[in-house]
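Each of the next two complexes has chain A plus one more chain, namely chain B in the first and chain C in the second.
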Partner chain A sequence: MPRSLPEALSLLEAHSPELLVMAGGTVAMPLINDGISLPEAVMGLRFAGLDRLERSGDTLRIGATATLTQLLNQDAVPMLREAARNTAGWSIRNMGTVGGNLFTPPPGGDVAVALLALDASVTLASTRGKRVLPIAEFQTGFMTNALAPDELLVEISVPIRSEPTAYLKFGRKHANTPAVVTVAARIEWDGEQVAVARIALGAVGPHPIRARRAEELLVGTGLGAGAIAAAAAAAVEECEPFTDGIATEWYRRKMVGLFVGRALEQLAAGAAGEGR
Partner chain B sequence: MSMESTIVRFELGGREVEVMVKPMTTLQSALRDHLGYTATKEGCRQGGCGSCTVLVDGEPMMSCLLPVEDVAGKKVTTVESITPTEGLHPIQRAFIDDYAFQCGYCTPGMVMISKALLDHDPAPSGDAIREALTGNVCRCTGYQPIVQAIGNAAVAMRGSEGEQAR
Partner chain C sequence: MNIRGSHTLNAPRASVFAAICDPDVLLGVIPGCREIEQTGDAEYHGLISLRLPGIVGTYRTIVRLVDAEAPSVGKLEGEVEGSLGTIKGLATFRLAESGSGTRIDYEGHAAIGGPLARLDGRFIEGLAASLINQGLRNLDTRLQGDHPARVATDRGQQTRETRA
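On to the complex of A and B.
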């Protein structure tokens, strides 16, 4: 149990890839308790000093082991509050970490969906140095990522913006529930036209994914009903849903169309409210 | 990186305790199996039921997901810690008066999450109570008596503080 980042990085260098890195334990411990995961060695990060969450200029810097409760209590990025509020219950939010959410298999990872829509970046560190990656390049497949064996995710940086955002999580219960689908969306305007669109989807792919075709279709439009319908249809096409105990592939696909549409309508109504 | 046991010290209900544990022993197991504090229940061991909820430095956590090394030097509060030598804590009293349990297995977790809620918010709304309970499962009561008990416990606790103030 390292007491500092340098100590954690040298332990990782010496013992990876057998070393299981654990922060809040809300993903790893259930598997260990059931004997599904039998790690050779575990490195706990709770005392490694990576839990700061602070605003630095127009960036929110989130230490990898900052908890979901810390994320809920910040007010710089409202979408991240909403994502934290929609993840698990109080006790788990006190344990689960923002960094850990990027290692949570679908249908989990509801915070990662928001981070994707917000164009967050991740800082990866090793004894060799640090590098920064856009979050869209971090997750590479089901439970795989861009980390080298000796690298540790240490920080997540989120640009602080003023435009309204939309975050909708649809589950089978009101709270503390796995997602059927999660949609996080954001629009940057150039006058009355969409300049940049971000649509991130959770629980409908091997990891949280961007609906890039849908995003492209929105650019240059006024976010009217026709553009929204076309984008929602594109998102339905490009998502990769799966069947599990929560929902079938067929149902998830239907709900992607519905909830992408609702998220974009919410953003269009917000823009109209501002006099656009 | 060894499988040797280590000694972990923490504060339990205001008393310093120490346990000698193998790596990855959970706080739940340390409480129940090493220290004999069996109020904290073992339910799903997945963080899904809340029956093992304890407070760590005043914040609710699932003791089944917490390696005991992670609470070294911290203050742990369980049902044993809040039960007075004589009588009951107002939350315990309210759970009995409002029939807020049947089998009782979830009750220690429910009592601890209620304690955390009332410490943070002495006069919670019904919605705030329901929000606080989202991680704690009860398969007997349908929750309504629990929500009611917490509301009544809040009133009782505010009343007794008022009396102390006089």
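On to the complex of A and C.
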């Protein structure tokens, strides 16, 4: 149980790759309890001083071990409140961390979907120094990421923006439910035209993904019904859904079209309300 | 577990085949590979360490290249063993010229024993596909003379299919 980041990084350097790093434990402990994971050594990050969540100018800086409850209680980035509110239940949110959510295999990882749409970046640290990556480059595949063996995820930085965002999670229950699909969307306007579009999807790929083709189709449009339909159709094409106990691949793909459409309609209605 | 997929590499077929048989190249492109040694004409022993969410461990690996017909076809027999269990598998790959590059098609199956076998099949298959894709992306980068980490996130041209 290191008491500082330098101590944690030294321990990781000394004991990696056999050292299991744990923050809230909501990913690792079920595997250990089931005898699937048998780590020789475990490092808990709870007292490593990585749990600060603070606004710094136009950026929300989130320590990797800040809990999902802390994320729910901030008001600088409304989409992240919404994402935290839609992730698991109270007990898990009190233990589970924002950093840990980036390691949660699909259909988990609902916070990461919002972070993708918000163009967040992650800071990775080792005894060799720090580096910053766009979050879209952090997750490289199913349960795999860009971390080197001696690196820790230490901070997530989120630009604080004023434009409206949409976050929709569709599950089989109203709350505390794994996602069939999660959609996070954000539009930056240039007058009456879309200048930047972000559409992030959860539970329909090896990790939360951006629907880049759909985003491209929206740029330069007025976010009308035709553009929304085309973007939703593109997202259906480019997602990579899977079948599990929650939903089939076929159903997830159908729901991507529906919920991308709904998220964009929400943003279009908001823009119309502002007189665009 | 069954796995199948394809990937297009930007290098001639003969270079790709040679790289697949070269322990120095394999050490650099296989995700988590710490050591690899050629122990026979076509047999390799290696150590692979993986830091996965909630699961860390080192796995002893033996791979044999059998029925190889350079530069187009090969078969890999492999055994992976660690504290979390064992994986025994067989995979066939075919290399076809595709423009100035090479298309690799692979197909294989594996039997999993020990605690790992209790992990949901979707997890094992998703993970296998993810590691293979990352390895092939690293190989592509290596063949083009770059550093593997630079394009570790480029999804490239790939398709995959896994089924239990």
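A few points about this structure:
In this text, the second predicted complex is superposed on the first by the 276 of 276 C-alpha atoms of A that agree within 3 Å, B and C clash if a C-alpha of one lies under 4 Å from a C-alpha of the other, contacts with A are read in each partner's own complex, and residues count from 1 in each chain.
Just so we're on the same page, a contact is a pair of C-beta atoms (placed from the backbone, for glycine too) under 8 Å apart; a residue touches a chain by one contact, two chains touch by 3 or more.
Just so it is clear, the model here is predicted, and its values are computed rather than measured.
Superposition of the two structures on chain A leaves chain B and chain C fitting side by side, clash-free. Applying the stated contact rule after C-alpha superposition, one finds that A:A88 touches chain B and leaves chain C untouched. When both complexes are overlaid on chain A, the residue A:A76 reaches neither chain B nor chain C. Of the two partner chains, neither chain B nor chain C is touched by A:V196.
The three-chain arrangement built by superposing both structures on chain A places chain B and chain C 110° apart around the Cα centre of chain A, to the nearest 10.
In the superposed model, A:T140 makes contact with chain C only, not with chain B. In the superposition on chain A, contact of A:L38 is made with chain C only, not with chain B.
Of the two partner chains placed by superposition, A:V219 touches none, neither chain B nor chain C. Of the two partner chains placed around the shared chain by superposition, neither chain B nor chain C is touched by A:L5. In this overlay, which is a superposition and not a single complex, chain B and chain C have their closest Cα atoms 13 Å apart. Residue overlap on chain A between its contacts with chain B in one complex and with chain C in the other: 19, 30, 32, 34.
On the side of chain A, the complex with chain B involves touching residues 1, 11, 15, 19, 24-26, 29-30, 32-34, 40-42, 44, 46-47, 69, 88-92, 94-95, 175-176.
Those residues of chain A whose C-beta lies close enough to touch chain C in the complex are 16-21, 27-28, 30-32, 34-39, 103-105, 136-137, 140-144, 146-147, 149, 206, 242-244.
Across the complex, chain A is touched by residues 31-32, 34, 49-58, 83-84, 115-116, 118-119, 122-123, 126-127, 129-131, 133-134, 149, 152-153 of chain C.
Of all residues in chain B, only 1, 23-24, 26, 45-48, 50, 53, 56, 59-62, 64-67, 69-70, 113, 116, 131-136 touch chain A in the complex they form.
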